[in-house]
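Chain IDs A, B, C and D follow the sequence of writing; residue 1 opens each chain.
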Amino acid sequence: MLDKLYRALYRIRRVEEEIARIYSTDKIKSPTHLSIGQEAVAVGVCEALRSTDVVFGTYRGHACYLAKGGDLRKMIAELYGKGTGCAKGKGGSMHLIDVRAGVMGTSAVVGTTIPHAVGYAYAMRLRRQDTVVVSFFGDGAIEEGVFHESMNFAALRRLPIIFVCENNSYAIHAHQLARQPASNIVERARTYLIPAERIEDNDVLRIYGLVKAAADEIRSKQSGPRFFECMTYRWKEHVGPGDDFDRGYRSISEAQPWFANDQLKRLESLLGPQVRERIMGEVEVEIAQAFQFAESSSFPAEEELYTDVFGEAAQWTAS
Amino acid sequence: MLDKLYRALYRIRRVEEEIARIYSTDKIKSPTHLSIGQEAVAVGVCEALRSTDVVFGTYRGHACYLAKGGDLRKMIAELYGKGTGCAKGKGGSMHLIDVRAGVMGTSAVVGTTIPHAVGYAYAMRLRRQDTVVVSFFGDGAIEEGVFHESMNFAALRRLPIIFVCENNSYAIHAHQLARQPASNIVERARTYLIPAERIEDNDVLRIYGLVKAAADEIRSKQSGPRFFECMTYRWKEHVGPGDDFDRGYRSISEAQPWFANDQLKRLESLLGPQVRERIMGEVEVEIAQAFQFAESSSFPAEEELYTDVFGEAAQWTAS
Amino acid sequence: MDRILTYAEAIREATVQEMTRDPSVIVLGLGVDDFKGLYGTTRGLQDEFGPERVFDTPLSEDGMTGVAIGAAMAGLRPIHVHIRMDFVLLAMNQIVNMAAKARYMYGGAVSVPIVVRSIIGRSWGQGPQHSQALHALFMHIPGLRVVAPSTPYDAKGCLIMSIRDDNPVMFIEHRMLHSQRGHVPSDLYTVPFGKARVLAKGSDITLVGISYMTVECLRAQRYLGEVGISAEVIDPVCLSPLDIETILTSVKKTGRLLVVDSGWTVCGASSEILAQVAEHTQGTPQIRWQRMGFAPVPCPTTKNLENLFYPNAQTVASTAFAMVHDNQRSWTPVHKEAPEIVEFKGPF
Amino acid sequence: MDRILTYAEAIREATVQEMTRDPSVIVLGLGVDDFKGLYGTTRGLQDEFGPERVFDTPLSEDGMTGVAIGAAMAGLRPIHVHIRMDFVLLAMNQIVNMAAKARYMYGGAVSVPIVVRSIIGRSWGQGPQHSQALHALFMHIPGLRVVAPSTPYDAKGCLIMSIRDDNPVMFIEHRMLHSQRGHVPSDLYTVPFGKARVLAKGSDITLVGISYMTVECLRAQRYLGEVGISAEVIDPVCLSPLDIETILTSVKKTGRLLVVDSGWTVCGASSEILAQVAEHTQGTPQIRWQRMGFAPVPCPTTKNLENLFYPNAQTVASTAFAMVHDNQRSWTPVHKEAPEIVEFKGPF
């Protein structure tokens, strides 16, 4: 397990570092939100899921996409705007999807995918499938009314969903306490009688363990939703590849404990050097290939402007 | 005080009974939602306010409008669609307003006036006025996301507002527990650190006392919002003048304790017969005059179709 | 087999038949399970298909629209019903930012086959917030289908089409149509999107009525017939995609177009139809065109102003008469209030 | 005194001057207090006017719009800023059901003097949910003013007008306009609603550009000049109320109308303008008209498709050229990407 978690963390970190590096070349022509520092949440959660389980994420969605098994080559191609991208280049970094891997989409409008996850869970329950659905969102998203509407319905119908709040204390440059009267998002969930837990330290093993237990319980007991508020920290600026500790809205001293508690380093230290190096090597090859794939792919043909607007239910048009 | 409360309760009850009686004549040509049975909440709250305080209500707003001092004649004229109505006939029963009395509007779209009350309170705080603002809404309205958005902002900025949830257990024909996982609306407020209380028994004196204390505290200590969940019961059908205990969604036995606990009867028994009869007599005259006023008023002139769409800030057009 | 059904019954029948045929069809919305049954359109459905497939929702239009979208992504075909279109304004973010765009922005990877049924229109002093017809807002957005059938036949066929379609469909019903009666086959059939219907043939002027306004246009057509004017009446049925060909063919024949909308005119369906006709017929000097719709104000509640707010058979006939006579003559038929408007006093 | 300012600076200056003059003016919105300052338009305002009059909000577009409305009812004049118009979809209920209707449905008893500033448009792969221009949705609704100034001069004057107006105003800024420079008087002045501007005189064709498209129309006008075509360029400035007279006068002179919108065409501003012109000029066979706007699809993120999605100076010139030559000839100027588009890579 440790090596799987390590690989997942390392892979996401390195992919995003590469994205950050390449960003200045303008090959990626779109706003891009990095998860560096927050990978433990996506990894802890997604490793605890089955491949048939489903996740919905946000515009800060690289980690969630990759952790859940999304195709790396298609992701990089998507960022490059290539026709081989997971959304044919039409979506870009903020609209990743990989249905095969159970990544059902990420969206640029805050909060919008939360009810989708609930609706997906509704369908799973109706169909008596034991899929567990996860909804990822930030500490800002919970200020949108739809968050409450979604929790209320999920709790009312006892749906198989795990809500995961990635609380990095900021929405763009505004601290949580400048937007909410208290830092108590778990409490909101509890008023819907949803069992809710706050994990303070970005601990990937703890997240993994708790989510695994929750998913098992949802599956075995058909119990209702669960909620996790995962405290974490964004190392980079809100959007783009740079650092922004000099911009006045947060201090590097606030970040230091999070740097020190880097889950990647932590697992690194728990693994033997051989395992580590094998994983690093494999991942680096994969990443190089993915960027190579993106580079060498073509932009979508001009006709693609007009495709994918509507789909046809071919089986019915005859009737 | 008792006589004031009694007068207010009696007046609202009798006005609505008259509305119910007249409704079958089709003089009121618009959906009308009666508060019969729920008057104690509006009365208890509004009697605890100053005339300069401000309330925002819902489409079930007759009680709130009258309790806060809204002009009865203009209200009945409004229901009749007359040009002398409080909204010139353009609004009807669901859009009562009396700015002079601090009734700042009622709306037909559930939940829409909640943030208005918060915004009004913001303006009062900014202007250093000691106005207290009250927002009335139902147990259904709290399912709308905007309720949470409004509470969050009011709590964050510690605004001079009292939230009053008139919990009559139903939204149209759906019971609260068919819409929410638990009956614990006060708990929602508490997660915003808003002091919140649930009043179980429609007790007009208790409501009055608690709201008065809350308003005093807001005024004297510039403290933040307060929340009251007032359990109450609607005697009539959701919309229209009839009874509906035969429609299957609720039973008369559920209603019986509320009938027995009628606050109007309760206060009646606490007052001497002379006081009671004087009040009754005065109120009946006022009501008769109000309906007479409505009857004899004219419908708005045809040109009125096009007025009140835009207003002009006359003082500025010169610059 | 053809029978006479009301528009409301036709909608209910389409729903029942599709739910029977396809277990992925579900119905949700405020009040869909209650005894009033949304003008009867959902009455008894929950008894028939159970509370998992037919359910009332909390008062959460935005969230429940998102729930429907998510369920659709998982393979269900939700029909989300709103008793008033005014409430759909709460769900614009999900409809416009997600439902209309999901397929495109995810490169074709997902479908969002939801039907958003919403009821528009006049009746018994609904007032400014309970009567709006906002189909134009949805016509503006690529990725959405918008249908507004006006007959029981089309109501059934369009609803079946909408349910089976793999895209988000805004299905718009005028409250004054629910009681209209007409032939409805008992079997399952679809009415295709993008095909207008010529409801009455005529040679002097083309009346295009949208939703309930087709009923008033047909009445106007009869009034006009009495004064020797032959009006052709067209119902676009589907507003997006719009069948401009059928309208064009008619206008080229009659030389006159009057578009009558059950909504506002500015940036409305009537402006779009007029603009398309004008684009396609430029250089044809004899063609005349005009629009009618709501007065450019919020809808007043009081009856006498409300009567002025809406177009009706008389004002349509009178406007058409003036157009046919190059505004040189005027005439208005005697005003008779439409029976469905007189009769309706709820339930709401 | 005239100085050269950017459009963003003009907006900021109008805000500062109005806030100084009138203590009831407040500014709220996500990020209005941050160091990026919404493209500089709100930079430093909080330092100057304090955190009670200039404040960041929670992520609650619907609720905060309601808060602004309530504050306006209490006598404040809130300016609510949205960094992207796409997010305003969350506030449609408050804007359409309350702000636009409050005065009317309350019989004139209240005013709702709010300004909703929202930023539209293209730049650096904003994609389907971060680039929409939805002014047509608001034009459709009576009770709202809709302005979309395209020059720094008008940005300042219109914003002052919007703040002082007693009605809800949708104030629309295209992201690619913020860096545009122009003369801006330092004193306070208002640009009245409902007055279009002729930005360039011409005799062969009338180009009406909406928001940023005026910039592209002016470029097109220069290209067309090089091939001997004299184009008149009109900026409506205000979309609701719309000054159709100025456009009509021009079209009657040039005989040709090309409306170029920074939005979709169906039920859009361009269809409304075309419809009104067509209504007013019926029977004039020589007049030609056409619309351009977004491709009828969600906006793709990848650059090569995005380039096809938007009209630009070249496609406008080429379309105008064909119109002037009755579609008998075609020509396209060499494609040069607009400098503001090339240069912009954030901050977002």
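As a working rule, contacts are C-beta pairs under 8 Å (C-beta built on N, C-alpha and C of every residue); 3 or more make two chains touch, one makes a residue touch a chain.
Not measured: the values here are computed from a predicted model.
Peer 1: Shared touching chains for chain A and chain B?
Peer 2: Expected: C, D.
Peer 1: Just the number, please: Cα centre separation of chain B and chain D in whole Å.
Peer 2: That pair's centroid distance is 40 Å.
Peer 1: Using CA atom averages as chain centres, what separation in Å is found between chain A and chain D?
Peer 2: Centres of chain A and chain D (C-alpha means) sit 35 Å apart.
Peer 1: Report the inter-centroid distance (CA atoms only) between chain C and chain D in whole Å.
Peer 2: So the centroids are 31 Å from each other.
Peer 1: Quick check: what residues of chain D touch more than one other chain, meaning two or more?
Peer 2: 57-58, 60, 62-63, 86-87, 90, 93, 97, 104-105, 127-129, 142-143, 296-298, 300-301
Peer 1: Note the residues in chain B that touch 2 or more other chains, in rising order.
Peer 2: Correct list: 85, 89-91, 95, 107, 109, 143-146, 148-149, 152, 156, 179-180, 309.
Peer 1: Treating touching as the only link between chains, describe the layout with one word: line, ring, star, complete or other.
Peer 2: complete
Peer 1: Going by the contact rule at the top, pick out the chain C residues touching chain A in the complex.
Peer 2: Residue list for chain C touching chain A: 26, 52-53, 57-58, 60, 62-76, 78, 93-94, 97-98, 102-111, 113, 142-143, 145, 164-167, 188-190.
Peer 1: Which residues of chain B touch chain D in their complex?
Peer 2: My answer: residues 54, 56, 85-91, 95, 97-99, 104-105, 107, 109, 112-127, 145-146, 148-150, 152-153, 156, 307-313, 316, 319.
Peer 1: Give the list of chain B residues in touch with chain A in this complex.
Peer 2: 143-149, 152, 155-156, 179-182, 184, 187-188, 190-193
Peer 1: Mind listing the chain A positions that touch chain D in their complex?
Peer 2: Listed in rising order, the residues of chain A that touch chain D are 26, 29-31, 81-82, 85, 89-92, 94-95, 107-111, 140-141, 143-145, 171-174, 178-180, 239-240, 247-249, 299-300, 302, 304-306, 309.
Peer 1: Can you name the residues of chain D that touch chain A in the complex?
Peer 2: Against chain A, chain D makes touches at 30-31, 34-36, 56-63, 86-87, 90, 124-130, 295-298, 300-305, 308-309, 345-348.
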